[in-house]
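Below, each structure is written out as structure tokens.
The two complexes that follow have chain A in common; it is paired with chain B in the first and with chain C in the second.
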Partner chain A sequence: MSPPLTGAKFTGGRHGIRKSRWLPIYVTVYLGFLYLPILLLPIFSFNNAASTTFPLAGFTTKWYAALWGNGAMLDAARNSLFVGLCVAILSTGHAICAARAITRYRFRGQRAATGLIMAPLFLPEIIVAVSLLMIVLQIGIELSLATVILGQTVFCLPYAMSVLISGFEGFDRSLEEASMDLGETALGTFRRVTLPVVAPAIVSSLLVSFTISLDEFILAFFLSGTEPTLPVYIWGQLRFAAKLPSVLALGSLMLVLSILLITIAEFLRRRSQRRIQGRLANG
Partner chain B sequence: MAEMPMIEIKAVSRFYGIYKALDSVTLDIAAGEFFSLLGPSGCGKTTLLRSIAGFDTPTSGDIRIDGQSAIGVPPNRRPTNMVFQNYAIFPHLNVAENVAYGLKRLKLDAQDERRRVGDALDQVRLSTLGKRGAHELSGGQRQRVALARALVMRPKVLLLDEPLSALDKKLREEMQVELRSLQKAVGITFVLVTHDQYEALAMSDRIAVMFGGRIAQVATPKEIYQRPLTRAVADFLGGMNFMKARITGETATDLSVETQRFGAVTLTKPPGFTCGTSEATIGIRPERLRVLWDDDTAPHAIEGHVVDRHYFGEITHLIVNVPGLDAPLSVSETNNFGADDIPVGAPIRLAYDPDALVALAD
Partner chain C sequence: MAAVAILQDGPSKSAHRTGRRWRDSDEATGLALISPTLLYALALLFLPVLIVIAYSFWTQDYLTIDHTFTLENYRIALTEPIYRDLLARSLVIALVVSLVTVVFSYPVAWFISFHGGVHKNLWLFLITVPCWTSYLLRVMSWKVILGYQGVLNTGLMSTGIIETPITSLLYNSNAVVITLVHSWAAFAILPIFVSLEKIDRSLIEAAHDLGDNKVMSFLRVTLPLSLPGVISAFLIVMIPTVGDYVTPKLVGGKDGVMIATAIQAQFGKAANWPLGAALSVTTMVVVSAMAGLVVLALKLFVRWIR
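And now, the complex of A and B:
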């Protein structure tokens, strides 16, 4: 590196430091704004009072206990679980095919196809929800969990895709050739080499889709009929002030679950990437 | 070759669109032979190797492996195994599992399988690393795993695509010796792709030199180095001094030529030599020109001036201008007698053996 460039970099760095005196404050405020309200959720869910106001009135787990006795809530939870599982499997299944095609083959319209699959990521969700609702009504399908699953699958596909593409991109074609060369069939190769190598990416895609589906409200609200998912149920409960602490308890549980799932997904994604990159670095 | 060749390649062509990656390649490789495909980048070596392995299908022509046509036979049903350039070690399996990968389909009993894996690992001197993960290996170790994984299948032919190119020079030279003795030990036909002439010369029983999708010459290392048929082959393998010579006589096998400085000589005629003109290209290797010191004499010698000098450790390259020749001669001389101290501009005498001159087709 030539000296003038280093000098320029250095002054640039000092400039940056002087400027950044406000940066820590900004970051603190920003993070506080982002996370304090979420933090209130678990705090009030353990608060021994029906109203969500300070000062706190003592510790209790009765709101959590009450959840177990709440049949409607348990139904909603079951619905969410079912929808989440279906959405995770469907969107990951489709995304596997698409991601493999995109990372492995060159074909006409590749960019357009990729763009179209990824587009729901940038479309306002409410627009997607309204148009799906219109179509569903037009065709005359009854609103049910099935329609929610359909809608959320479309919505989750781009997320699953981006996880899987990053997982498949490092996948080396010659691994499959090596397997064929060693006598394995195409199907056996997929089972014994392709799947295990990309498995972390697939699991991570399943977890991401499931988590998104679990929290998703707009599509579920528009497309669910008489069977609400958890977010829709929560929305319904907000009208009754007395139920609020229970909702907070439920929300806290969902929060913990979501964070857990996303952390596992990210861990798996990184591990698979490290595995592939380690191989590249060594080879 | 009296017995049937292990691999017969008959007029194999491979087109990519209108581009000819292989142009009517015909080649026989004997059983138990260490055969190298040598050529510059893009000449079609990999394409040919992959056609033998079954990963690429020739546009036309036939490939027979052990007497059976391989056209239409998928890679998993060919008696060949391949060592990939990047080794393609399965990242989710450890060393022993990698080696056992192909055996799993043979459904051997557990003891048999363990023994074969153990033997294969012994062969490549990796027996202590069976439990290592794939990403915990050095380049040389990965290469050995790839080798063991292929050898354990007991193929009739082992195909190797530049297996040593990812290794550093010292390790590469070690592995050359090791590969060669391994091949001798297992007796399997090896087909090696390389663009490294020294590698090909050091390891092979026979070498095929390829240019632009065509085979230029097939011969033993010694023959191909000492008796290259064409100017391109001579140039690719180690470099050569080329000059024009006037043809004075021609028989079915021989060519008599008259040269400016090397006098009148009779040379073996390269096959495919077309005597269209009265001129032929002849050549002599740089190391076949020897520096004459002080009052050394030789039956055949020429005189000139040193115009440039390049030091290479054990040898020095001298560029010598000889009056009457179109181009200066390149001479490579060991440094035992002080060739690295000859000043530029000094007069110099060079001895040669007329037998070292070869006639070349263009």
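And now, the complex of A and C:
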């Protein structure tokens, strides 16, 4: 069969943009490339062999079972949970104020302030880590989980901000004005009018920040001192080939948790946008 | 992942001037609201970077720091063969990674924007999910895939395509590039998608009606109009990539070492903070300059092609 010279047909006729028949294949291959590494970890975590080779050697759950008896791993998991919760609350709290300021008010220096808060997105992470390490040691603070929390919060802020800005944007201000006119205080208005509408975006921001903190390695590696988080613990294990299967099992659990949290976060973010748009349409 | 969209759109402005006192004005309330976050970012981002810059002009004197101003660290960073080569390699890898990522991601962004139909959000979500999982684990997974006794080699051998394992897969700069391209894919797709979404479709139709074929209308209408997204994608991939630490360490081997390893060493074993600071500053300045050149080149290319 020779490929037709035109090689294209009209689809989605609304815009009349031609669709190549190769493009869907390309996109599928691309998605395969994206998902290959994160699908392989779970596959080999159930493989009954200490090496990661094909063909597979049979099904086992022993690597998972071994995790429960691993005290160092459980300590690292507890550290990660603690750090993740603190980072989620801190960065979301900061981002609520900042996102509200940016979407609701206009003030001098707004662009510069937003740029600074968003800067970690455009900086090599190692430079953020090194500069934080220097200032922390300079002041004389000992490295601990607290320093990891301080650092990861800076790193999570841009992501929390973007979730919340898209949640706050388009919020109908006349609702708040009506509430104020009817005698509510500013705080009362925020609690009883604004908060119910933006609540899904806030929960979404908490989940996103928690996930980033859970998976973040560089800052934790530089700032954690003697108490490792899960990624730092995994880094330590990677030197030992024999430890690989249990790292794969642990990694698979982390992958599942990340994907679960991000899916919920996306669902909530979408719902908060719909809610705001719905109010606009009805109002 | 809405970050990219917001960086492009800018925050929505709401001008609301009243004749009340400044303290009650929007300006004051806005500043008051943003100040905790701003102070946090100033204290833990801006100030630390200033300290790094200050340190880069000082000297390590065994356990103390000599605060006399000197450019010696920069001389070492730019002329010592080891640092010069690491920096050059990091720049080349960052350039290649951003170029490959943008070129391979563009069609995907184009597909979602023009043919995503009602499922655009779902497509974007599918693309970004891998990006939210642990970066360390993904790099580790590539090591498992590309290793001598790895998935690719043993898979190809068990299907009989190759007889002996391919040794050139892991521990070189190609492995670093593959892994980094994978890591940054979503960061390139999103800004390109956003700028493609903004294109008025009737412009492309007009180009067709006026006789441009598919390639010409793409080069003369779609590509120039999506240039802001392409530039954002380049920057958001290139700048962080240059300082990547995990990927070169895990899959780079001897030939894939990048500058971050040298920076880390100055804060660990070597214990030479001023040199580490100078290496950090040099990396940032040089990669920014390279990013500026790439942006300029892209703009000139698009102007020339039009």
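General remarks:
We adopt the following convention: the second predicted complex is superposed on the first by the 256 of 283 C-alpha atoms of A that agree within 3 Å, B and C clash if a C-alpha of one lies under 4 Å from a C-alpha of the other, contacts with A are read in each partner's own complex, and residues count from 1 in each chain.
Here is the rule we go by: contacts are C-beta pairs under 8 Å (C-beta built on N, C-alpha and C of every residue); 3 or more make two chains touch, one makes a residue touch a chain.
Model, not experiment: these values are computed from the prediction.
In the three-chain model built by superposing on chain A, chain B fits alongside chain C with no clash. With both structures placed on the common chain, the touch criterion links A:A146 to neither chain B nor chain C.
In the superposition on chain A, A:L81 makes contact with neither chain B nor chain C.
Of the two partners chain B and chain C, it is C that touches the larger number of chain A residues.
In the superposition on chain A, A:T185 contacts chain B only, with no contact to chain C. Of the two partner chains placed by superposition, A:A66 touches none, neither chain B nor chain C. When the two complexes are overlaid on their common chain A, residue A:D172 makes contact with chain B while staying clear of chain C.
With both structures placed on the common chain, the touch criterion links A:P196 to chain B but leaves chain C unconnected.
In the overlay built on the shared chain, the residue A:V163 is in contact with chain C alone; chain B does not reach it. By the touch criterion defined above, A:I89 reaches neither chain B nor chain C. In the superposed model, chain B and chain C sit 100 degrees apart as seen from the Cα centre of chain A, a figure rounded to the nearest 10. After superposing the two complexes on chain A, the closest approach between C-alpha atoms of chain B and chain C comes to 5 Å. Contacts of chain A with chain B, set against its contacts with chain C after fitting on chain A, share not one residue.
The touching residues of chain C, counted against chain A in their complex, run 1-7, 11-16, 26-31, 33-34, 36-38, 40-42, 44-49, 51-52, 55, 104, 107-108, 110-111, 114-115, 117, 121, 125-127, 129-130, 132-138, 140-142, 144-145, 147, 149-151, 154-155, 158, 182, 185-186, 201, 204-205, 208, 214, 235-236, 239-246, 250, 260, 263-264, 267, 273, 276-277, 280, 283-284, 287.
Here chain A touches chain C in the complex through residues 8, 11-12, 15-19, 23-24, 26-27, 30-31, 33-38, 40-41, 44, 51-55, 94-95, 97-98, 100-110, 113-114, 116-128, 130-135, 138, 150-151, 153-154, 157-159, 161-163, 165-166, 169-170, 173, 211-212, 214-215, 217-218, 222, 231, 234-235, 238, 244, 247, 251, 254-255, 258-259, 262-263, 266, 269-270, going by the rule given at the top. The touching residues of chain B, when paired with chain A in their complex, are 53, 55, 74-77, 80-82, 84-92, 101-102, 104-106, 134-135, 137-139, 142, 149-150, 153, 166.
Listed in rising order, the residues of chain A touching chain B in the complex are 172, 174-175, 177-185, 188, 192-193, 196-197, 199, 275-276, 278-279, 282-283.
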